[in-house]
Structure formats: C-alpha cells, structure tokens
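Presented below are the structures under discussion, each in the form of structure tokens.
In what follows, subunit A forms one complex with subunit B and a second complex with subunit C.
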Partner chain A sequence: MLKILKYSFFDLMRSRWSYVYFLFYLLLGIVLLFLNNDLSKAVITLMNVIIILVPLIGTIFGVMYYYNSKEFTELLLAQPVKRSSIFLGQYLGVALSLSMSLIIGLGLPFVFYGIFNSGAIWDFSLLLVTGAFLTLIFTALAFVIALANENKIKGFGYAILLWLFMAVIYDGIFLMSLVYFEEYPLDTFSLVATMLNPVDLSRVLILLKLDISALLGYTGAVFQKFFGTNFGFILSSLLLVIWVAVPTFFIQHMAKRKDF
Partner chain B sequence: MKKRILYTVLFFCCTVVVTFAQKTIEVCASCETTTLTKAVETAQPFDTIKVKKGTYAEYNIGITKPLTIIGEGNPVIDGQNKGEIITIESDNVTVKGFTVVNVGTSYTTDFAAIRVVNSKNFVIENNTLKRLFFGIYLQKSNHGKVLNNTIQGDAVNEYNSGNGIQLWYCNHVEVAGNTVKNVRDGIYLEFSDQIEIHNNKSTDNLRYGLHFMFSNHDTYTNNLFENNGAGVAVMFSKFIKMYNNVFRKNWGTASFGLLLKEINDSEIEGNLFEENTVGINIEGSNRIEYKHNDFKSNGWAIKVRGACYANTFTKNNFLYNSFDVSYNSKINDNLFDKNYWSNYTGYDLDKNGIGDVPYRPVKLFSYIVNRTPETIILLRSLFIDIIDFSEKVSPVFTPDNLMDNHPLLKPTDHDRNR
Partner chain C sequence: MIEIDNLHKKFGKNEVLKGIDLTIDSGGIFAVLGPNGSGKTTLIKSILGMVVPNDGIIKLNGASIKQSWEYRNDIDYLPQIANFPGNLTVKELIKMIKDLRSNKTADDERLIDLFKLQPFLDKKLNNLSGGTKQKVNLVLTFMFDSPLVILDEPTTGLDPISHIRLKELITAEKQKGKTILITSHIMSFVEEISDEIVFLLEGKIYFRGSIADLKTKTEQPDFEHAIASMLSSSYA
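Let's look at the complex of A and B:
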C-alpha cells in the first residue's frame, strides 16, 4: 500500500494541478497579509475560504483523480496486490498531497510574516488542522462516490451535490428548523446539528477561538462551555476522525466487491 | 468721586481684615495638631488646613464648617476599612491633594471615601482614592466641582462593590478630568440635572463607565469609555447631550458601547464607537439626533430593539461592522440619510458623491437573529451570505422603507474641533 501511496503522491506532486493549488494558497496568504496587516483578521478571511473551498477542491479533485487514473488502476488490479491497498493508497496519495499544498501554501507566508511570535499561532494551526481534516473527509467521500458510479458525469454531479449539501443546503435546513422550532429550547439541538456536519463543526471551532465569538452571545456561551471542556474537544476531534474513518471504510468495502 | 475712593479703600480694608482673620492650621506628625480630625474641630469657618506628607489613620472625619483642606506632598488618609472617611456637610468646602485609602465595605451603608451632603460650592480636586467601596458620593449637593481625581478600585463582583463618582439629587455639578478604573459604575447619576461631565476617563469598570438614571439636561463631552461592561448607560432621562466621546473595546457577550433605554430628545454627535460588541443599543427612545458619529469595527453598530420613533441618523460613518443596523420589527419610523456605509456596493454615475442606489443597512440575517437568537451560530456560513444577498436584491422580511436614500461614497470628514 505504501508503494502505491508513494507513487500516487509523487505522481500528483509532479502534476500541474498541485502546483496551481499550492500557488493559489501561497498567493492568497501573501495578499491577505499584505492588504490586512492584521493576523487575526487574516485568519477570519482564511476561515471563510477554507470552509468553502477546501471541501469543494477535495471532492472535485478526488473524483477527477479516480476517473483519470482508472486505466492505471485496472493495470494494477492485474498484479498480485491487495485491492484495498490500491484504493487506500490512491486515496491517501490524493488527500495528503492536497493537505500538503494547503499547509505549505498557507504556512509559508504566515511563517515569513512572523506567526511564531504572534498570539494567533494557535488559531492559525487550528485553521490548518481543520483544513487538513476537511481535505481528508471530502476526498474520501469523493472516492466513495466515484467507486459507486461508473458514469463520469453522474459521479461529478453527485460530488458537486454533496459539496452543495454540506456547505449550503445543510445550513439552510438547519436555519429553517431553528426558526420553525423557535419556541423550544434549541441549545442542544443546535449543538448536535453543528457537530454532525464537518463544515459547520470546523467553522464553529474556528469562530469560537476568535474575538468575533463575542457576537455569538448567549448561544456562543453555551458552545464555548461545551467546546471549552476536554470532553467537547475530544468529542469534536473524534467526530472529525469518524468522518474520515467511515468513508475510508466504505472505500475498502466497495473496492473489495466491485467488478472491473 | 471721593465717595467711590472711600468705598474702594473700605472694601480693600475689609478684604484684608477677612484675609488676616483666616488662619492656617498645619497638620503633621511633629506639629501641634497631629490629626486631621483635631484640626477640623479646632478650626474656625473659612480657615485653611494644610496637611503635610505622611500617613494618617483616620475615619469618620466630619466637616461641618466652610474650610479649605489642602494636602501637601500627597498625604495618605487610611480608613483602615472601618467606614466612611471624609464627610462634608457644609457649604464652601475644598478638599485637595489627598490620597484616601481603605474605605470600609458594608452591605447596609454606602461608605464613601469622600461624601458631600446637602452642600453648595464644594471643590474636590486632585485626590487619589484607592481600595474603596464608594469613591466620591455627592448627595443633594449643588454647584460644586469634582476635578482631576484618580479613583482606582478593585471591584470583583457587582453586589459588593460601589461606584467611583456618584451623584444623587444634585444639580449644576462639574465633573471633569477624573480617571475612574475598576469599580462598579465609573460615574453614576441619579435624579441629577444640569451636570457637566467632560474629559474623564472611565475604564475597566464592572458595569457601566457612566450611568444616568432619571437625570435630565446633562451634558457629557470628550470622555473616554474603554473596556467596561457597557460604556455608557442612559436610562429614563431626557435632554442629554453626548458630544465627542470615545467608546472603545466594550467587548463581551453582553457588552455595549452605549445603552439607551427610555431616552427622549437627546443629541448624540461626534462620538467614536470602536470595537464594541454592540455600538449603540436603543430601546424605547424617541426624537434622538445621531450626527457625525463614527462606528468602526463593531459587532453591531446599532441595535434597535423596539418602540423607537422619530430618530434621525445623518452623516455618520459606518465602517467595517459585522452588522450595521439590526431591527426587530417591520415598522420603521426612523430616518437614515446621507451616511457613509463601508458595505455599500452601489455606484455614482452623476459623480455628485451620493450613491444612486439606496442602501439597506438591515441584513436579513440580523433580522433572523433578532427573532431566533440561536441562529447566530450560523454566522459566516455561505448559506447566510446567499440569503443576505437575495434579500438585498428584493427585500421581503426587513422593513422596506428602512434605507439610506443618499448613501455617501466617501466617509464624512467630521471636524472634531467644531
């Protein structure tokens, strides 16, 4: 599996798209710091970018890579290699190279700007960690979708729909239900609803670390109390891990049964 | 002519006699009088008491005759937490240049470092108060001055701490140049009219920097309110003028820059609201003019809670606030005109400096949050941006006449030296 991972990883590292992705983040980081001169504000803007773009690129890239390397995969399948290691290797190759582009691309400008001497270092590392998690989660989901659909167009369609659901529609339903049930106590409900969607969870985790959390008022205090405890922290990390583990399990499961 | 000269001479003589009749009593460790209490007892009206450098362990010093009491070299009066320290119950008393420490805390009596009762023409100047319960407490006293004092409290809880400067049933008092820190309310006014408050600094207080209750016709200008529970709270008052103050960093889940409740006919002009959770929170306030204020980087610049009519907002700058204006009803009777909004995205084809498209300061999200506070957890979600945009294009929920018909394209340049 490691060999395939290594191959996929270096294959991607050599590809133009990784560079584009890397350069995009590098540029974004530099521009933000240049225009803002304020680390914590830059972190807020980055958060907006990360919770929207990272899942989108993770899904699209994952689906694209799977369909593009299909012939090579079929070639590999003819060899005496375990099926699960082929697909897991490919998945990890894509996910890790994407996370690396993200972390190095954003990290470099901030390191040169002097993030290590600033109080924002923890906010920033949280941002990168959630970004990496989102990449892992959405690439895995993309692989599951691609494995389930032979038809490229269908696969892409579902992938985009998945992103749309997580990033936009979910919040819409969430908002509607909050407004609809406004007469009931909603703290626990909103807490659970937030934790179930990795995009929302990352957004709230980052928001709570920033000054802007004072805007959240009473609801924010409830969230702060929950995520401030060890239990809340462990639970939210656990949920992110589950979000990675479950699709990965599906990749393995589907890879074993699929006819090529 | 002769008569006039005679009068002049007579007047001069009288003045000299009176001046000479005024004695000066000195208080120090090695002097004849070693305590302030003793000096006050022996002094005749209109005498001057000079207290030299040193520490005097005294409390319940009652001043019942007109005296001028001056501390030289910052003498310390230590109340040893036993109760009130200086109580003034006479007209024409001046207390200057002391450091007063260790006022007793009580749950039944409001002990103060310096209390003025039923007096006129008092001056309290250049004193430093530390470790206190109440600082300067003026009750039913008129025509006095509280100038350049420093009050440094160590309040932790609201229920067992007092206010820095408290005015109760007072008229025509000037409160200027004071620094109040870390008490419950920095400056508190109750039933006090015609008070001038200027150039004070009120910071790090538990509750309010400045607090009005049932007080009318007061003016406060050029003050700084920073890092308080709420900068200024004006409640149940009328005709208050608020000019050129700075409200900064009143930041927390329940913090405000300026809290208005049941205020009518007031003017708010030339103030700066910066980095407050809520710049101005308005409730039941009518006929207030907001002019030439700057709202910068606040969570909410203006939060209108309801029952607010005939207020006008003109020539203000709204810069980089998360929400510019929040409303909780569909009815609007307030006027927004010729303000600058940093979130404005319109254009100006005729180049007259006024945007051609009206600006709607209320976002749909702020309306939803007002209705269901829990929804705030969706702050900065992509979905929220989308619905805000669609509401902006065609308003359904927000008051459709709530808009600035003449949004400025450039920030108004306020002349702060007006």
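Let's look at the complex of A and C:
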C-alpha cells in the first residue's frame, strides 16, 4: 500500500491544483493576519472558512482523482498488488496531500507572525487538526461515492449534494427543528445532532476551545458543560475518528467486489 | 496450469459467461477466439481477478485465485486498450511497474531496444501515438519472466516491423516453456502462432482443439473460412 500511496502522493504533488490550493491558503492566512492584526480573531475567521471549504475541496478532489486515475487503477489491478491497498493507497495519497497543502499553507504565515510565542497556538493547532480530519472524512466519502458510481456526472452530482447537505442543509433542518420543538427540552437532541455531523462537530469543538461559547447563549452553556470536559473532548475526537473509519471500511469493502 | 470450472459472470442483466469449463496445461500458445461480445476479455479478466465471477472456480497451479493477489506475480498481462496515467513519462512508468514487482528481474533494456523506444523514454504518455503506446504496453508485459503470459489483442496499432518482432518475441517465450494466452481478431496471426484454439460463442466454449481439427470439423480448406463457417452455422 505504501508504494501506491507514494505514487499517488507524488502524482498529486506535481499537479497544478495542489499548488493552487496551497497558495490559496497561504494568501488567506497572510491577508487575514494583516487585516486583523490579532491572532485569535484570525483563527475565528479562518474557522468559518475552513469548516465550509475543506469539506468541499476534499469531496471534489476525491471524486476527481478517482475518475481521473482510472487508467492507473486498471494498470495496477493486473499487477501483484492487493486490491484494497490500491484504493486505500490512492485515498490516503489524496487526503494527505490535501491536508499538507492546508497545514503548510496556513501554517507558514502564522509561524512567521509568531504563533509559537502566542497563547493562540493551541487554538490554531486544533483548527489545523480538525481541518485535516475533515479532509480525511470528506475524501473518504468522495471515494465511496465514486466507487459506487461508474458514471462521472452522477458521481460528481452526488458528491456535491453530500457536501451541500452536510455543510448547509443539515444546519437548516437542525435549526428548523429547534424552532419547531422549542416547547420541549432540546439539550440532548442538539448535542446528538451536532455530534452526528462532522462539520458541526468541528465547528463546535473549535468555538468552545476559543472560549467564545458565551456567544452561543444557553445552548453554549450546555455545550460547554459537555464538550468542555475531557469526556466530551475525547468522545468528539472519537466520533471524528469513526467518521474516518466507517467510509474507509466501505472503500475497502466495495473495492473487493467491483468489476473492472 | 489453469483450471476453470463452471464460470459464470453477469453484468447487470447481461449474462456474459454461461458456464465455462476449461483446462489449460503448461506450455504452448492458446488462442481465445470468438465474435465481439462473446466474453473473451471477461474470461481473461476473471483469470486476472479484475472481474469477480458470480459462480465457478478458477485455479492456477492447483490453488484457487479467489481473494488472493500473490498469484499475479506469475502472470504478465497485456491489456486490450493501453490506458496509462497520462502525466507520467515512459521511463517513470517502467520504473514504477518494476518497483511494484521488485522481487523480479526486469529485462526492459532489451525490449526498449527491440521496439526502438529510446526516443520516447522522456516523453509523456499522453503525447504518444496509439502504436507507440502499444509498444510501451508490450515492453511492460514482456519485461518480466513469468510462466503465464496473457495477451489481449496484442497486435492493435502495430506497424509491420513491430508486428514481426512481436511474433518473434512470442515464439521465443514459448520456447522457454511458457503458457501464452492470446485473443485476436487477426486470423492470419492466430493461425501462424497458436498451437490450440478455444472458440467462445455467447458465453460458452463452442470449440476447442487444434486448427487442423477445426478444418476437418468444418470441412473448410483454410482457417479464416473455418471460423466463418462456424459463426454462420451458429447464427443460423
């Protein structure tokens, strides 16, 4: 698997899009820092961008890479390589190169600004770690969608729908149900609903870490009580890991029975 | 060498292989023939494990190939359409495949020389013509010394000189005692090199034997007409 990972990774490192993605984050980091002149505020703004953009890029890149490397896959399938290694290697190649663009692209401006001497270092690290997790999750979901759909257009369509659902529609439904059922106690419901969507989960994790949960009102207090504790933090990290593990399992499972 | 027992494969509603029983012994050149859509490529891809059969067993050297991948170390495969990752150069591609099968010694220099590929080594695969791609394909297939060689339409796009070289190459491989499985639509090519033919029709084996047997069976003086008569009698 490591060999496949290596080839996919270097293949992507040579592609123009990895650089565009990297430069975008570099620019974003620099602009935010110079506009805000405050590390903590820059981290908050970045969070809003990352939470929406990282899943989108992960999904699109994942689907695109799968369909574009069809020839490579077919070539590998006739070689003495395990099937699941081919797909897991390609998946990790995409996910790792995207995470690297994110971490280095955002990391560089912050390092030069002096993040190591500031209190925001942990917030910032958490931001990058959740960003990497979101990349892993959404690239894996994209691979599952691509494996299930021979048709490129359909695959792309489903992938975009998935992103739209997770990043936008889910919140809408969530909010509407909160308004609709406002007569009832909703603490547990909102906690569970937040934890089931990796996008929301990441957002809440970062917001709470930033100590601006007061902005969240009463719910914030409930959330703080839950996520602020070690138990909450470990549970949410575990959920992120599960969000990576389940689609990865599906990639492996589907790869085993697909015809080429 | 290869034992295939009751092999079935469906793609959706389209039943491509309807119970193939085939035993191929070691050594010799076997041609798998049949009209378009008769299941030749599906049969080959099943042996390679690229297609997962619905039913039936395929054994290679006595061991079932199901859920296994190590056996592909013993197979060299030439795909029908030379699809390569376009942004690699020829050299990088050869290096990569060698790296993937690093337990084998590769004989790429001689083959690159044989097909005169030196001027293309640093070119990207996207920029190569169909025939040159096929030559690269041949180099990748023949550079390892595996006991089973599977060639799916090896002559596609080749110029006459390369065609002759390919025939020489196949004959030389046969002399080493290898088993070679070929599909082709060029009957003169098949007649010239193959020891035995397997004729597939609508997902079943319709005929198996030597070319001489086929000629006697169909009472036709030449091979091409024998095949044609077999097809027309089955369509009738």
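Descriptive notes on the structure:
Convention: the second predicted complex is superposed on the first by the 259 of 260 C-alpha atoms of A that agree within 3 Å, B and C clash if a C-alpha of one lies under 4 Å from a C-alpha of the other, contacts with A are read in each partner's own complex, and residues count from 1 in each chain.
We adopt the following convention: a residue touches a chain if its C-beta (ideal position, glycine included) is under 8 Å from a C-beta of that chain, and two chains touch if they have at least 3 such contacts.
Computed from a prediction, not measured in an experiment: that's the story for all the values here.
In the overlay built on the shared chain, the residue A:Asp11 is in contact with subunit C alone; subunit B does not reach it.
In the overlay built on the shared chain, the residue A:Thr194 is in contact with subunit B alone; subunit C does not reach it. Look at A:Phe72: by the touch rule set out above, it reaches subunit C but stays clear of subunit B. In the superposition on chain A, the chain among subunit B and subunit C reaching more residues of subunit A is B. Touch criterion met: A:Arg257 reaches subunit C, while subunit B stays clear of it.
Look at A:Val204: by the touch rule set out above, it reaches subunit B but stays clear of subunit C. No residue of subunit A is contacted both by subunit B in one complex and by subunit C in the other.
On the subunit A side of its complex with subunit B, the touching residues are 44, 47-48, 51-52, 167-169, 171-172, 174-175, 178-179, 182, 186-187, 190, 194, 200, 203-204, 207, 211-212, 214-221, 223. For subunit A in complex with subunit C, the residues that touch the partner chain are 3, 7, 11, 14-15, 69-72, 74-83, 256-260. By the touch rule above, subunit B contacts subunit A in their complex via residues 251-255, 277, 299-300, 322, 368, 371-384, 386-387. Across the complex, subunit C meets subunit A through its residues 11, 45, 48-52, 67, 69-73, 75, 77, 79, 83-88, 96-97, 99-101.
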